[in-house]
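In the part that follows, the structures are each spelled out as structure tokens.
Across the two complexes that follow, subunit A remains constant while its partner is subunit B and subsequently subunit C.
Presenting the complex of A and B:
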């Protein structure tokens, strides 16, 4: 009984269990297609970009905020990087630095207006979502192709037989797991999410810390966008469409709460993997793309409902 | 009128009430005393219909009743004013007071004109003329909010009114008004159950007193048959002598405030020496909390200077203030101090996160040993430091908050209403603690609405009236009357 209780209290355990069960069921239904190295690697690869974004989103949700502009920022950073390489003819490193800087600027813009001016995160990031998507469309137009080899290498190379975006994902997840567990700076997000006024009156510089959260979220979204552009070998202005919904779903599944104060980075990883597994099963069962969107929406509501039910049970 | 027979109630195996019987007659004030965790709130929540007893029965005017929810109790004429405020911040005073029973016009729409007129009358009855019916609750001070809370229950015209710590956040002036109202109500035959930690009030207002300890009734006595010492010994099982504290003030000036002006106060000057306890006394809304928060950097000054050991400090945020050695225990524990869903350890360490570097590592072992040592030192009683702070009593919560700041070893400690909603035992422990800090050389600025507290603790008392210094009284010359005199704007110095 004690074991079951702790299983439900700790979301990362519940999720792991859930993923294992889904995995077993899928392996029974699709024995030849699902449990292969190829397919599992594909699931991880497909989850990698969104996991990187989810890490930033998790940090924000711990502090009680969220960012809807991540998908647009990813598209814009990828487009700008490609534009710098192909149209402005800079080298890849300068181009990547340019793409990341643009993402940082969007984060600074969001963070400043939300923390210092006091605009609601929903309104602010909804507005930038539209604005930044516009900029991405302006830069990339119908798409920028034939990106140079050394840039494509970043997202298409393999190490130990595993694609590089998966490695990027693992590095970022482990790094931020360490940071949010052991550093004073990132622990502050838990305090801010727990009680913002008390955090302020405990000497935490709430505005600064919150602003940094949005900068981080935009930076990771930019990084994810550049990685995706490299993997695709082309800048496409529509990438990251609907990403905010999938990422927030994954992070809520991963144990974050909209009221803030809780969540773990590994939860974000497990959340995206679970969604990745479910999407993969839907593809194997030939469910149409429209239905996939509907099902993701249902999962989001289901996750929040489950969260409320568990909270009431344990209290 | 109300008769509770052999009530028992357990929460997840822990007995909160066992075999409690309690009666209330029409027109009497029956005080309920006991330390935090004694079961007072549980008992009252049973009366108000929020909880169901495991055993025992409730009789109202001789008739057996069971309440499934608060609304049913309300229909029977029972109203409760909770210790925790339950107002809607973003609505107006009028809408809060008449929540759920708005006056309607003949088309069934809300009659705002009547709503505001009725509210004005209610407010006038409570001598709250400075509150307008259309003011938003969020713009009120905690004391005003408390009075609105009381007004809200009065308009229901209850036959039984339960007041749970009604004076915890109001000043002497509002308390006097409240007592007048209680007298009027009892004259009309309303029965009042009065819960308070402030024993002096119990003697002023109550007809009978029941003492609870660990969920059991220690005794129900007419007020004439008890005195303060006896009441305390019933509550805690021992008697506490009146404490007298030495003065540890040294020559060196720790905190110097010069011509400080800001939101709600202007031209404030005073200083606190090393080892000295200085109280800022005054009525609620006089600007004391604003002064404290401005020194701490949580509010911005418009003019003037704050000096810490002769070096000027201009804090634009609290983080800088903490780094410089200023600590602030906020007045509203639930809203402003605790991280309710976080553990005791995490709550204690919150201030350690201020101002520290970007990637400074806090080893878990170190945090636990800091928390353990403060648990010992401050006699915090909890089965485990991993427990969420919201599951503890007010006294233990407040000690945890004090531990948060003591772990910083502050040069100047500002405490705003440090014993609000804290039981008698913990209260004296907190006094003891502040006193020891002064002995060790910490300069302490005390903001308190409780005059006995100010008189017990402070070496010097500065009275604030309408955002200005109304006068200063030394400990030797201080009496409650003198402080009140100055706090009400009579005999203003300067």
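Presenting the complex of A and C:
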């Protein structure tokens, strides 16, 4: 009984349970469509880019901050990488390095102003969101196409029948799960999120650690943007539109708190997958597009409510 | 008198005649000799403002805004593009109200949502020449210029029917569900598909105007409906999303993709064989003439403008259908800019 109680205390476990139950029910109702390799692969593929961004967002939310510029950074990194390849005629590796460096710079810019100058993350990243989207538009214009094969390969190649962004997602989730669970540096985000003043007094360089969180978030957003550009085979400045809210929703669903101090990297993965699975079931159920939004909203609220109710009961 | 004399006299007479008064264009100044025209001179500081949502949308930035800026240069007036960078209707309404307070010479408002009608009315009531472009919004606007969205959908339906060649199956639409122009497009598509007994319309799906969401819906639709014949898109963002979904599910060319607009990315997808039909709006046309219309109102260029205004009526047409352009794999190369 104690074991079951401890399981339910963790959002990741209740989410896993919720996903498994949903999976079983959907498989019974839609045996020929839902539990197929192609469908599952596609749900994971469609969730992959946002999960990569969600990992960075989860680290930030653990420390009590968030970043609204991730969608714009993804677009800018993709656009700059394509521009470097097609207009500046650099090779793909240099172009990707350029795109990621630009994303890092945006993260540094956000992190410095939030950590050292004291600007509110909402204001700072909201301002950056607009600025960076404008830069992406200037670079990509109406779109950059015919990207080289070696670049397309990064996002379109397959291993064991699964498209590469899914593998990228899994590698990043496992890596950051390890880092946030076992390394001293990343454990500091929990202390900062739990009590920033106490963390400072215990000798943690809060400003530096928080700034690194924004750099990390922007880096992962940049990587996600480059992967999406590779998947599309074209740089389009509007990619990542509204991504920030979708990612924050998934991360909160995955166990993070806007107050900070809580959350696990696997929660970010489960949050995006749950949203992907529910959306998939909506289409499989042939629910009218008008009702889908309402039903998805109700299910998401229901999932959080169920989790809170179970937690209260087990406590 | 030889035969050439009358001819010579006629020639002299012809050159002695005074021609009709011409409109002189001296730089950007418009000077008409006819006193019945009460044209006011152009002040280089007068400002014309385009208010839209999603100012950073590639379609808007690379076409509407380029045409508007070119028009400003041509007329020698200041032009500004105002609005939120993302798809945010409340922010567009706020932007319209702020622009009204700055009293511009004219406003071009993108008819993105029926909810902006009250703000459009405020602009008109403030005496600012105001046109709505792209999609109609029931309001007091002076004129609407844009495409017939019902036709945008109808043409896609006809194209799918022709492509299907009698093959039985289902057709879905993707777009922004709460927009009136999209609704008209969905209705047009459904009506056109009724002509083809082999095709069944399964409805429309919300994409939130993002490529990623469109791709997700497209793949879900392919998984759900094994007899899916086509996915028809109604925003500039749906096309790349449909393309991505069809390619990743390895059904490009087997399930047809059609879309509105004709960005280079969409035309490239058509050249790759992923999309089979595009129906484009004449965006530059409705922006350019929309700007001309508000300029006209601001400067009383229409001969009868003052007469109309005295009766509380303006001289602009009620609405202008700028038509559409159909692009197929056979004609796509002609449109690649």
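A few points about this structure:
As a working rule, the second predicted complex is superposed on the first by the 278 of 315 C-alpha atoms of A that agree within 3 Å, B and C clash if a C-alpha of one lies under 4 Å from a C-alpha of the other, contacts with A are read in each partner's own complex, and residues count from 1 in each chain.
We take it that a residue touches a chain if its C-beta (ideal position, glycine included) is under 8 Å from a C-beta of that chain, and two chains touch if they have at least 3 such contacts.
Here the structure is a predicted model, which means the values were calculated and not measured.
Superposition model on subunit A: subunit B and subunit C are shown accommodated side by side without a clash.
By the touch criterion stated above, A:234 is placed in contact with subunit C alone, subunit B being left untouched. Contacts of A:201 after superposition on the shared chain: subunit B is touched, whereas subunit C is not.
Within the superposed three-chain model, A:280 lies in touch with subunit C and out of touch with subunit B [touch as defined at top]. Once the two complexes are overlaid on the shared chain, A:188 sits against subunit B while remaining clear of subunit C. Of the two partner chains placed by the overlay, neither subunit B nor subunit C lies in contact with A:251.
Once chain A of one complex is fitted onto chain A of the other, the partner contacts of A:179 are limited to subunit B, with no touch recorded for subunit C.
In the superposition on chain A, A:216 makes contact with neither subunit B nor subunit C. Between subunit B and subunit C, C contacts the larger number of subunit A residues. Looking at the shared chain after the overlay, A:141 reaches subunit C, while subunit B stays out of its contact range.
No C-alpha atom of subunit B lies closer than 30 Å to any C-alpha atom of subunit C in the overlay. Contact residues of subunit C toward subunit A in the complex are 56-59, 61-63, 85-87, 177, 202-206, 208-212, 215-217, 219-221, 223-224, 237, 240, 243-244, 248-249, 263-265, 268.
Of all the residues in subunit A, the ones that touch subunit C in their complex are 33, 36, 38-39, 42, 45-46, 49-50, 129-130, 133-134, 136-137, 140-143, 145-146, 163, 228, 231-232, 234, 236-243, 276, 279-280, 283-284, 286, 288-290, 292-293. Residues of subunit A that touch subunit B in their complex: 179, 182-185, 187-188, 190-191, 194-195, 197-205, 207-208, 261-262.
Listing the residues of subunit B that touch subunit A in their complex gives 296, 298, 317-319, 321-323, 328, 330, 335-342, 346, 350-362, 404.
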